[in-house]
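Structures are listed in the sections that come next.
Next, two complexes with chain A in common: one pairs it with chain B, the other with chain C.
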Partner chain A sequence: MASSDPNKAAAFHEIDIPSTLDAAKKPEREILRHIELCGYSEEASFAIKLALEEAMTNAVKHGNGNDANKRIKVRYAVDPARAVIIVRDEGGGFCHQSVPDPTRPDRLTLPTGRGIMLMRAYMDEVKFEADGTEVCLVKLNR
Partner chain B sequence: MNATDALTISTTQKGNGVVVQLVGSASMELCDRLNEALYAACESRPRVLVVDLSRLDFICSLGLGGLVAAYLRVQKYGGALLLASPAESIREMLQVTKLGQILPMFDTPAEALASIS
Partner chain C sequence: MPGADPHINVTKMNDVNVIEFADRKILDELSISEIGDQLKSVAQSAPSVRMLLNFQNVEHLSSAALGMLITLDKLVKEASGKLVLCNINPQIYEVFKITRLNKLFAIHDSTEAALGSF
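Right, the complex of A and B next:
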């Protein structure tokens, strides 16, 4: 459970799910329940839900290539001070620095490519690890 | 923010236009339905396609992509896609992604329809 002491880091929970968007709702529900219990604002809750959905969508579609036989591992720790969420897929990874800016005029009318940008815009920290197979999202409760 | 999401989509013909109202949450697992509904709304080639966002509380990038795909479809035959009354959180997303530059926003569906005479 999340700690009530802001100086004490919350323990990490771990959920392993099949690689589908439907299955991805389970960790989302759990994480948002912790977020609510810890008293995060509506804005922070919206931001976390958005970033988490973008990370899960990337893991399902791009990382695991829509292969429902693959798995996604979600680890998270939520306390009253901050939420840390780590999403890992079983894909081959990617170079996040090579993802083009979707707000560029020549890319604005493309239907895809906004996920990473939204994660960065709405979270306090977004880190890609393990050759891009893992993303770590951090949101501070302010 | 609710994680048990539902999305209701209704499509109404209004003169030369079509209004698609989205109610609930355009979450990742629901966006295929949203995109199919927008695709179907374009089939009659309405002069203006208005997407009423007044009762939508969440949209992810897949949903935004659906709006962009519909925008491209109506633009191809000379129509227009307009947005009506997005919540503040969604308006902010449209600004962050700069999609507000290509998807004009109006206070009400009626105003959006009236803008294309």
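Right, the complex of A and C next:
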């Protein structure tokens, strides 16, 4: 698997937004524009769109507890080979390893709990840092 | 829901409510909430309701959309109705497979096959 060392990626852009689902669309639009300009495959584009949506929603709803007074910081670097996206909220953090498997029979009919699973399924790397207040997503263009 | 734009188009075929999504992307929370409300209205429109969701226009959806569908499915089943999905493109179907929701929902390749399952 390719290195996800951010220092080896293209230059990072940074966007700081209020913690609302509406504001979350701005970094999503920007990142997806870069993805398109770099000629990412349809498969990779779909994956990034999905994982990014999940990461932003998690930051707004779970990380920042739907508190619009809090902020979300999004840093991203996209080049034709790899996209690195880092989303940081101002919440208290969480233990990502404790999130139950949503495919368990006793959890399959629950309406929530699939965001992290989808991020992991669609990204080449998913890393949680800073007690879970930051997630780093890496997708290779192939 | 008063004031909300229609996100679904409903037609009746053989007593089945055939529903097409007007949105290509079922992603944002507000849209999902409005879609959910509109689908719930259909689900509660008759006892033992039969609903077919046609995903032919859908290119993206989020886990929140999956949650909305799960809630709808429960509602329909509790009322002894039936809900089936059809025309899900391979990328979206993969999302259902990864989350094992392809085991929860009855999913068909075509509208004809879905209608035939009622």
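Quick note on the criterion: the second predicted complex is superposed on the first by the 134 of 142 C-alpha atoms of A that agree within 3 Å, B and C clash if a C-alpha of one lies under 4 Å from a C-alpha of the other, contacts with A are read in each partner's own complex, and residues count from 1 in each chain.
What we mean here is this: a contact is a pair of C-beta atoms (placed from the backbone, for glycine too) under 8 Å apart; a residue touches a chain by one contact, two chains touch by 3 or more.
Model, not experiment: these values are computed from the prediction.
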Overlay on chain A: chain C relative to chain B, clash or fit: clash
Touched partner set for A:Arg29, first chain B, second chain C, both or neither: first
Chain B versus chain C as contact partner of A:His13, first or second or both or neither: neither
Partner chain in contact with A:Glu54 - chain B first, chain C second, else both or neither: both
Most chain A residues touched (candidates chain B, chain C): B
Contacts of A:Gly115 with chain B and chain C, given as first, second, both or neither: both
On chain A, the residue positions that both chain B and chain C contact, one per complex: 21, 25, 43, 46, 49-50, 53-54, 57, 102-103, 108-112, 114-115, 117-118, 121
Chain C residues touching chain A - in the complex, by the definition given at the top: 27-30, 60, 62-64, 66-68, 70-71, 73-74, 91, 95, 98-101, 103-104
Partner chain C, residues of chain A touching it in the complex: 21, 25, 43, 46, 49-50, 53-54, 57, 102-103, 108-112, 114-115, 117-118, 121
Complex interface listing, chain A residues touching chain B: 21-22, 24-25, 28-29, 31-33, 35-36, 42-43, 45-46, 48-50, 53-54, 56-57, 102-103, 108-112, 114-115, 117-118, 121
Residue ranges of chain B touching chain A (in the complex, touch as defined): 1-5, 27-29, 58, 60-62, 64-66, 68-69, 71-72, 89, 93, 96-99, 101-102
